[in-house]
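Each in structure tokens, the structures are laid out below.
The same subunit A turns up in both complexes below, where it pairs with subunit B and then with subunit C.
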Partner chain A sequence: MKQKSKSYIEWLLTLPSFGWLAFFFIVPTIIVFAIAFKPAGVNGGIGEGWTLESIRNLIQPSYPEIIFRTLWISLVTTAACMFLSTPVAYWLALQPAKRRQWLTLLIILPFWTNFLIRIFAWKTLLHAEGWLKHLLVAVGLVHPDTILLYNSGAILVVLIYTYLPFAILPIYAAAEKFDFSLMDAALDLGSSRLRAFVQVFIPGIKMGLFTALMVVLIPALGSYAIPDIVGGASSEMIGNKIAQRTFVDRNLPHASALSACLALAVLLPMIISILTKDSRLMKKGGGKKV
Partner chain B sequence: MKRSKFPLIISIAVLLFFYLPILLLIIGSFNDSRYGGPWRGFTLKWYERLLTEREIWSATENTLMVALVSTIVSTMLGTMAAWVMHRYKTGIQRAHYLVMYMPLVVPDILMGISLLLLFVNLSINLGLGTIMLAHITFCTSYVTLVVLGRLQDFDDHVVDAALDLGSGWWRIIRSIILPMLGPGIAAGALLAFTLSVDDFIITFFVCGPGSTTLPLYVYSSMKHGSPTTINALCTVFMALTAVIVISGQILMNRRQPVQQLNS
Partner chain C sequence: MEHFIELRDICKSYGEQIAVSNANLQLKKGEVFSLLGPSGCGKTTLLRILGGFQYPDSGRVIVNGQDITNLPANKRPINTVFQNYALFPNMTVWDNIAFGLRVAKKTKKEVGLEVERMLELIDMQAHARKKPSEISGGQKQRVAIARALVNKPQLLLLDEPLAALDLKLRQRMLVELDNIHDEVGITFLYVTHDQGEAMSLSDRIAVMDNGRIEQIGSPVEIYEAPKSSFVAAFIGDTNFMSGQVSEIIDKEYCRLDLEDFGEVIAWKDKPIQKGEHVDITIRPEKFRLLRQKPKPTEKQNALPGVVEDIIYLGAQTKYWVRVGDIRVSVQQQHGRFMLDENPITWDEKVWVCWHANDGYMLQRFAEEDANMLSIPPEEDNTEDEAEV
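Coming up: the complex of A and B.
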């Protein structure tokens, strides 16, 4: 009897949030995949019946290029973020506890500002009349006619700027738990500093690196605002195409087909991440029982 | 042991990389020249020009209204979800957790387009209402995870003891759960509020005529408007966020002793 009333309470408490997310997250996701197989209707609506037209349109000559560009920009961003954040996390973890606290705050602080503002800050910096341009010309690194904005390079810099703290935090969380005496042991046994870093420290923070990979790669694949503001016509990413199909062409089935592609590209690393996380949790739970 | 200087150098470079663009933006908002180029003297004229833009005020009003409604609803939904996940570790709750976790990892643009398609399918008029529905959806996930994190330190025996002593659930919620979870719920609500105020991409997809929020306004003035006032607008926006975050921190610190007393 008690069990029965307990499960009734559980359902009552679960239903509002579960129901909300089911209706506003799961159902819309299914709709995206369904509409990809619908014809475009008049006035930007959705037509009757089913068709493979939007899916077939994905092999349009311009798409492989955009998909390829989205992939390489996202992968370079992820690699750069991980390469920069590992030494930062290492250094942070070695600081005294008090100082560590305000240093992490210092890293998070600029990211409390709106993300459009951060993109705009870079736009003014890279602009023909901006500080960075003046500086680079003065040092002689670039020609006065070089345009720093509206290309893949500008997108890369701003993407790295945006996602770097999201890579630092998980790697730092892992580095904080790392036992640095292992490094000393490796050095005592005659290992070089670099070798100890690569063979002892890096494997020790594996999970943090993996989380960092996920939190940078997945949103980078779905970038829209950054390539829209600092990128140009020749550096579009999938996100820009989705928005263009939605707002400019008003072809919702086409936008859906593209979104479904992006969703599948994102789903793959996500499933891997959830599976590894689950097995880790189970291991933890199993350990407790024993 | 002598440590390598390399991590220190990278860390300093990264901090400079983080702060320089923002500092230059703030300086630029007081600069008398366009695009923050060479310094042409101190001015407040961009701020004065901001005050005369009527659209900013209506955008601020919209932003605050959306943020307020989505914070209240998502805090209630998220707190309840976290509690039930913590209390009942059944298969249903595993699925519940998975559904809550997914919106956090899906790129914003996918959430934006899928919600837009839902609203188009249901023939719901786009506007402040649809923005609120969208914001409640992603804010609920964040609140749930924040409160769930706090629940890890929560002592369930207190609740069980109160139940054994014949206390009713209403009383348990009022005099045990809320005071003990207060800081966690406040942190979740604060996060929901800032995320709602800040959101651009999802809002961009589900907004309609007359529902311009501040990020939407910032975006459209970046694209079409005069660039001169944006520096000033961004500085004001940053100052506002800073005030919210700092006051939140103070609020939480003040509640800290209560939590310590309990634990």
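Coming up: the complex of A and C.
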């Protein structure tokens, strides 16, 4: 009886956030998908009836290049963030508890400054007359004629900078729970530190790595502000195209079709990975019964 | 004979805190050696220094004549069974055991043969494909041992390996550990705070306290002839008494005048002179309780006392008897059917008897070690009344 009322309260407590998600995420997503099948209105609104015109319009010669660029920039960003975060998280988890608190504070420190201001700061850094450029030229790392701003490289640098803390935090959370006596055990059995890191530590924090992957890859695919500010006309991403269709062309169905494409590109692999994981769990359970 | 494994003058401190000071140990090939002591006594630090997880501030670690003090853990011929097993959760039992062999770049065939041999030793063939999360605590323990033994180390370190198991399982694993040791013949260094485990498994024991090794000896030596009050009180239960030597009887015996207790005859465990201060320890099971005063014999002590507390433990009964001003803890084994007997009860006047050889003279005595003994607090009625 007591158990029953407790689960009832738990259910009640999850209701607000569940309702919030349903109302402000699931419903709008469905609306976006639906608008993709509407004709464009003459004055920029949504017309009457249903059509596949927007879907057909997705086959535009400029799109494959933009989609390809969006994919590689996002994937490289994600890979770089995870690659840089994992050693940081490992090191952090081994620090004394008190120092760890200060260090995590330092990691989230950039969040105290507005996102847009930080991107503009990068613009002044990478600018032809910016001091980072001057510094790199002075050190001899960069030729004076090289352009650091308004290209894919600039987008990549700023994306990695922006999403690095988002990758460090979940990996660190997993590393903090990792049992470091396992590393001792691996060394004890003759393994090198690198081997122990790859074969014992990495599998031990894989849930953190998976979270980091999601937290970086999904927003990176949908980036708009960063390529808009530090990218140029030749380095547009899907996010910029969606914005252009919405605000400049005022073609909402076309923008919706593009968004739907992006959403599917993110959702499908996720759903597939969750389904295969589930079936693996089911198999495990079935095996136990036998 | 050269000692197989040797720790020479090992010192280690963490900042201000001294973990180990001047530890010297020699292990013989093939023996089971225990480091026994309360938590924080430095036994785990010594184990980690042997394993190569920590380096001593000074001193040397020598295995088989080779100085390995500066070798890292992965280069030492030493393997460890960790306290919480530390099995790799992402690998199966089979892969856990194979880990060391694969690191050593053994061929696939060798790995297969060795792992199967180990699985047979620990009787886990049926569970080879399971993950550590799918097996029980005792099984994990056995896998951890097999994983550590598979590379045929010169020395196996066991860090409180049974601490996480329940009592019954612990006793079974003790026997199993003993069998595994008989089978593989590798030198074991066993770290524990449980005196029962150390006594039943070890060939020799080093008792540690506050970073120092108090005494090294066989379980019998440690129990029967403790050098210090710490060793006497930490291993089992005992009684401490102090006093002066009042008379040297002959080469072997002397008479002691024990404070608040009485005059007794004792065996001379160390060279002493008349008038010298001595501290002796007498184990509770060495005493006998009698209703009638026994016939005085030369080497028997008998002092009158009053029974103050009794705890019935099934196989034994514990008594606390006031003799003079001292509460003596006495333990009696029941030889026959208790219900037929006429047992000694509270407030009964008894004679506490023991042989002169049953006391042991301590080399070092510290007052605070008496706090470890199982003497119950005295009921002080006057104080209670004063409060009311």
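Just a few scattered comments:
Going forward, the second predicted complex is superposed on the first by the 243 of 290 C-alpha atoms of A that agree within 3 Å, B and C clash if a C-alpha of one lies under 4 Å from a C-alpha of the other, contacts with A are read in each partner's own complex, and residues count from 1 in each chain.
Rule of thumb we're sticking to: a residue touches a chain if its C-beta (ideal position, glycine included) is under 8 Å from a C-beta of that chain, and two chains touch if they have at least 3 such contacts.
Just so it is clear, the model here is predicted, and its values are computed rather than measured.
When the two complexes are superposed, the chain touching more residues of subunit A, out of subunit B and subunit C, is B.
When the shared chain is aligned, subunit B and subunit C each come close enough to touch A:187.
In the superposition on chain A, A:246 makes contact with subunit B only, while subunit C stays out of contact range. Looking at the shared chain after the overlay, A:124 reaches subunit B, while subunit C stays out of its contact range. With both structures placed on the common chain, the touch criterion links A:39 to neither subunit B nor subunit C. In the superposed model, A:114 makes contact with subunit B only, not with subunit C.
Residue contacts after overlaying the shared chain place A:47 against neither subunit B nor subunit C.
Of the two partner chains, neither subunit B nor subunit C is touched by A:153.
When the two complexes are laid over each other on chain A, subunit A has residues 184, 187 in contact with both subunit B and subunit C.
Taken together, the subunit C residues at the contact with subunit A in this complex read 51-53, 72-75, 78-80, 82-84, 86-90, 99-100, 103-104, 134, 147-148, 151. Per the touch definition, subunit B reaches subunit A in the complex via residues 1, 3-4, 6-8, 10-11, 14-15, 17-22, 24-25, 28, 34-38, 77-78, 80-81, 83-84, 87-88, 90, 92-93, 95-96, 98-103, 105-111, 113-118, 120-121, 133-134, 136-137, 140-141, 144, 194, 198, 200-201, 205, 215, 218-219, 222-223, 227, 230-231, 234, 237-238, 241-242, 245.
The residues of subunit A lying in touch with subunit B in their complex are 6, 10-11, 13-14, 16-18, 20-22, 24-29, 31-32, 35, 45-46, 84-85, 87-88, 90-92, 94, 106-107, 110, 112-118, 120-125, 127, 129-131, 134, 161, 164-165, 168, 184, 187, 193, 214, 218-219, 221-225, 229, 239, 242-243, 246, 252, 255-256, 259, 262-263, 266, 270, 273-274. Note for the complex: subunit A touches subunit C at residues 179, 181-182, 184-192, 195, 199-200, 203-204, 288.
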